[in-house]
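In the two complexes below, subunit A is the common chain; its partner is subunit B in one and subunit C in the other.
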Partner chain A sequence: MFGLLFSLKSFTAKMDPTSADKGNLGVPQLPGQGCSFHSFRTNTYKLSFTETPSGIKIILVTHPRTGDLRDSLKYIYNLYVEYVVKNPLYSPGTPIRCELFNTSLDQYVRSIL
Partner chain B sequence: MPPAGPRSGDAIFASVERVNAELFTLTYGATVRQLLTDLEEVEEVNKQLDQMGYNIGIRLIDEFLAKSNISRCVDFKETADVIAKVGLKMFLGVNATVTNWDAEGTCCSIVLEDNPLVDFVELPDTCQGLHYCNILSGVIRGALEMVSMKTEVTWLRDMLRGDDSFELQVKLLKQVPEEYPYKDDE
Partner chain C sequence: MAAIYSLYIINKSGGLIFYKDYGSAGRMDTNDSLRVASLWHSMHAISQQLSPIAGCSGIELLEADTFDLHCFQSLTGTKFFVVCEPGAQHMEGLLKYIYELYTDFVLKNPFYEMEMPIRCELFDINLAQAVQKDRVALLGR
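== the complex of A and B ==
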């Protein structure tokens, strides 16, 4: 999954006709640098993606006919801040095991579908 | 083009939850006092405050990004501006200015006219080496590290030592790109 997003991102940046600085394909980028895709669709699902400048990536895999989910991804980032980042027992960089985050995320995702 | 983020933190400062300023000042003072008692050496206290700030900064950055709606800054100049105008206002409620750029644009000073941390504080003679607000430099260092900028933050002027304002020097050491963390044969 990471490899897919990583390569796709570097690919979309490379394709960008508006950017002057092309660089080489596969050269590491700063998180949030250059352009980035926000979703792609296959015949069976749609994948929505966002990345913050701090390198947090949020991905939603949904029905192929769902609309623009960028605002939802932003909302989820806010949930992450409230329930994960502000949880003193969570150490950054480790898997998220926060009950409150899980339940509120679950609730939110159910509400948007 | 992504929508530009706010150029001032006033609106965010008005909308976030705040605590009483005196409670905040006194809590910080009590923390520093306890560190002085525990660690005895002023140098050690400076180090500890910086480390505490760093730990705050690496978490604070996400809250900052989520609430301020700021996308990636194009260069370090913009970054420094955003710290001074949006970041410090949003979390401390103070106004700051950016000055003293060097020729390469990698080193600048952030000047604070006001600092809620130091209300009621006087440094006794035994603590002259103490950087009382060292936690702030740690926060900035930690936060910038999370957005892939290695920096060095030092205090140039300190009101507690008789200067007329607080001046923080922020120096960009290098930018670290995101690396592909797996080897080909894994």
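== the complex of A and C ==
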């Protein structure tokens, strides 16, 4: 999946019809640089994607007919900041094992269903 | 301002057989359009593999920050996709209509070789009309 998202990002950056100066296809870009995408839809699922300035990517896979989930992704990022980044026992880059994050995430995802 | 930025047609092996630009900033050169097309072909294939439910037929709509990409795949594996403004409507209909034009003016052309780049005058003319009509319809709304 990471490969797909990574390539889709370079694809949209190259495709961007509103800017003339885009560089080559696949040129490395910092988070927030270049044109990115926020979701794609197939006949069986919809994938919503967000990338934060620190390079954390949050992905939601949902039913194809769900609406815009950008706010939900932002909210999940808030949860991540609150319960993971501010957890003194968490070292960045390692898998997340924070109970508070898990429970509040579960609660939130159930509430948007 | 144009509602549609560009149109691509890719054959079943990922080769670009038709590309038309309708006024996007910084037109793509031949090499880039070929690469972008084959990249899209693979993205489409991977998205089918990633589906949580069986029977996925690939990306239909990609929503980026500055454009929407609508893709239609025919039964034979030829893919048509348009890059348009975010939120543009009726693109599925337009793609189906372009597919119709493709079958009428390209596939029925005795001089056309399958999977090769499309060079058919009648197709070009009718396509230009279809896109123009769509633009007028969008402006009227």
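Quick notes on this structure:
Heads up, the rule we're going with is that the second predicted complex is superposed on the first by the 113 of 113 C-alpha atoms of A that agree within 3 Å, B and C clash if a C-alpha of one lies under 4 Å from a C-alpha of the other, contacts with A are read in each partner's own complex, and residues count from 1 in each chain.
Just so it is clear, contacts are C-beta pairs under 8 Å (C-beta built on N, C-alpha and C of every residue); 3 or more make two chains touch, one makes a residue touch a chain.
Predicted, not measured: the structure shown is a model, and the values here were computed from it.
Annotation for the three-chain superposition on subunit A: subunit B and subunit C fit side by side.
By the document's definition of touching, of the two partners only subunit B reaches A:K86; subunit C does not.
In the superposition on chain A, A:F11 makes contact with subunit C only, while subunit B stays out of contact range. Look at A:Q107: by the touch rule set out above, it reaches neither subunit B nor subunit C. Contacts of A:P53 after superposition: subunit B is touched, whereas subunit C is not reached. Once the two complexes are laid over each other on the shared chain, residue contacts for A:T42 go to subunit C alone; subunit B is not touched. Counted by residues of subunit A touched, the larger count belongs to C, out of subunit B and subunit C. For the combined model, the angle formed at the CA centre of subunit A by lines to the CA centres of subunit B and subunit C equals 130 degrees after rounding to the nearest 10.
Contacts of A:V61 after superposition on the shared chain: subunit C is touched, whereas subunit B is not. By the touch criterion defined above, A:G3 reaches both subunit B and subunit C. Here the smallest spacing between CA atoms of subunit B and those of subunit C, following superposition, is 8 Å. When the two complexes are laid over each other on chain A, subunit A has residues 3 in contact with both subunit B and subunit C. Subunit B makes touch with subunit A in their complex at residues 58-59, 61-63, 65-67, 70-73, 146-148, 175-182. Subunit A meets subunit C in the complex at residues 1, 3-4, 7-8, 10-12, 14-22, 24-25, 35-45, 47, 61. Across the complex, subunit A is touched by residues 5-6, 24-26, 28, 32, 35-36, 39-40, 42-43, 46-48, 50-67, 69, 83 of subunit C.
In the complex of the two chains, the subunit A residues touching subunit B come out as 2-3, 6, 27-33, 52-56, 74, 77-78, 80-81, 85-86, 92.
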